[in-house]
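Quick heads-up: structures coming right below.
Note that chain A is present in both complexes that follow, paired respectively with chain B and with chain C.
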Partner chain A sequence: GPDPIGSSGFHRTVLKNGSPYCYMKVCLVLQDQETRLNAVELKSLIITGLKDLHGEVGAALPFDVLKFDEGSLTAVLRVCSGGLVKLWSSLTLQGYYQSQACAFRVLQVSRFNL
Partner chain B sequence: MCSDLDRTPRTLLVCDRSSFLDEKNRVSPQVEKLHFNHKVSVLLPGCSVTPSNLDLVMNTFSSFYLIKKLPVHELLDPGLQGAINQGVVYGLSFGTRIDEDTCVALMPKGRLVLSLDKDSYELLGVEGKPSRFNHRTCSRFVVSVDLTDSSMAPGGRGHTRLLTGLRSHLQLQTDFLLSHHPEGGASLQPLLSRYDWSKHEPEVSCRHLTDLTCPDFRSCDCHSLLEWIGAVEADISCESSSSSFLSSFTCPEPNDVLSHALSVSICGLLLPHDVQRLIQELRCHLQQTQLESWASLTVHGFIDSPVSWGDNEHGVLSGGENFYNLLMFPDHTYHLHLATGAYDTCPP
Partner chain C sequence: MVPHILSFARYLLCEVNVSDMNDLFLLNDQAVAAAVKAAVARIHGDYGAALCSIRFQVKYLNAHTGIVFLRFPKSCYKLLWSALPFITHINSRGQKIPCFLNCLHVGGTIRTCQKFLIRYNTQQLHRMLPKCKNEGEKQQIRQAILGCFIPGGNKEACEDDIECEEDEGE
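On to the complex of A and B.
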């Protein structure tokens, strides 16, 4: 367990690939730039994309919309590390929102939220 | 096929726990080695306004210059040699992507690092090494030159070769961020007078937070801790319940609610010695506050810098992380987390 604060000495731990999650900053670009959607609609859209590409198992992949800015349609997503490739691939191939063309731009991907 | 889908970008996280009073602690050299910092964030519990000593330090970070279309051979100019030999000049190419463009870093010990694609490297004609971040083919190279070496004195063989390469063969030109310790300012003036430049002050922004749910740092694992700090800095809510549709992210348990906290961020080309000053002031602040207090400092390196800690090569892979978080306590103990990508060298 962790050492109590105040104990003397120097302790170093090196963790490789220890982070359980991956974080993605993405931006949704829509054909009609006036269209707006809320966080729930965004999450539903991503789930649809996961189902289209990876089937029912893909659609069950848990991910979190940590933050969503409705003005710029930019979101921060969190997914378990093993699910990154599935999520990223379905975002890449997501071509339509309702009846208009759309694209997800992946702005940043990291194993750390910072 | 299934195992390929599970692959994730690899990272390295170093967790140090020690005390500033312990002779083995290395916080100061570790801070000094991350030469190029673009953002410093501070999280202070129990504050609704920035304490005056901290406010002074945060608003007196060194200013820096942005030079447009600087021909890189100008960094070999004899007029700059004095400042470079003194170790007071820091520089980084601006708007260049480490995996696609040529990136340049001028480190305070006088080392010039160029990260080049294969064609540019061959045109330059100076010996370098293949990048550690090459994927299948050898498509990127790193040239690292010690400008304080005797062969790099003006007129020396190495100097002439590099100058010819940068000026005539490759004709390398890039937007460039330049900063200096206070004593180096005068020797930059001749260089600045020849090009289009602007001076910038680091941008400081403050947020006052109320009713912030905060984990117990003694029992929190390091990944959850860093995730929580990142959430606070990115203004991500920890309030959703774990059964919410949108997000199951919650503050790690056990936790407590802080009635007030202050989140400050400083952005620009930030120098290690200003970060050192800030750490000293944060430690002073903690001595004057309650026993259960703490202060969090996060320092981010540039994603597109060709070097991370020291003169070790840095690449982006998919994240480009090179940052550290220093969590300090009133009894002089600290937790230091240093993170970097898988192919980067382990932080010091």
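On to the complex of A and C.
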């Protein structure tokens, strides 16, 4: 069953027969807050992270950047359900963008379009 | 009596195929291990390399036939197995030997792999018999076939094998 809503504000609901895709709302936090990326550079960064952690198989994982707000560096990603663990783990361990430190904050994950 | 096994393994019986049979003598277990680790790191990244760094071993290598036993943990052997077809060469003693790996058998213990290898070699010898050019070669092969047996017999350790060969429901 779902975890009770605790002090961390994290609430997890697991649906067994959801859609074939998973949607993730993520925010990229950079050391230099003035730096800007476009959607292509963001996708390239994520593919680099997948390739480092999960190799050629990871880099071939199909995912889409559905929405990207260049101002706040917030994006909605879509990946097939079987690839969620690979994508999420790659985002977690992605520590650098072009020699400056960075971090992906995962704001929301859902089986339905955000 | 069932032995208490702390970590299950899968033994992959593979054949190293080379174009020039003499190249096999350049191989050693470190060279094969390095080639497997490099392929796993390339195909499955840091995650695969970490899986390979513990409890992966080349258990046996026969430089005459190119047969090698690879030991993987049972929990991740399918992932590591999937990287083996991407091996295109093995580096040994400064030479780059083009080859590919052919997986013949997966067993839960070295013993089951040995039993398979003996049956396989016997079948290969039977296939060679009609191709013999003279009676002398035929006699040699017949002697070799009669000499095929597993040391220690087939009866013991059957329970071990069944215990180890059970696959997790996946």
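As a convention for this text, the second predicted complex is superposed on the first by the 96 of 114 C-alpha atoms of A that agree within 3 Å, B and C clash if a C-alpha of one lies under 4 Å from a C-alpha of the other, contacts with A are read in each partner's own complex, and residues count from 1 in each chain.
Basically, a contact is a pair of C-beta atoms (placed from the backbone, for glycine too) under 8 Å apart; a residue touches a chain by one contact, two chains touch by 3 or more.
Quick caveat: nothing in here was measured; it's all calculated off a predicted structure.
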| item | value |
| --- | --- |
| Which superposed partner A:11 touches (first chain B, second chain C, both, neither) | first |
| First (chain B), second (chain C), both or neither touched by A:95 | neither |
| Partner chain(s) touched by A:22 [first = chain B, second = chain C, both, neither] | first |
| First, second, both or neither for A:84, with chain B first and chain C second | first |
| First (chain B), second (chain C), both or neither touched by A:56 | second |
| List of chain C residues in touch with chain A within their complex | 40-48 |
| Contact footprint of chain C on chain A as seen in their complex | 50-58, 89 |
| Chain B partner contacts - residues on chain A that touch it in the complex | 2-6, 8-23, 39-40, 43, 62, 64-67, 76, 78, 81-82, 84-86, 108-114 |
| Contacting residues of chain B [partner chain A, same complex] | 4-19, 22, 24-25, 217-219, 222-223, 226-227, 229-231, 233-237, 245-249, 298, 300, 318-319, 321, 323, 325, 329, 331, 333, 339, 342, 346 |
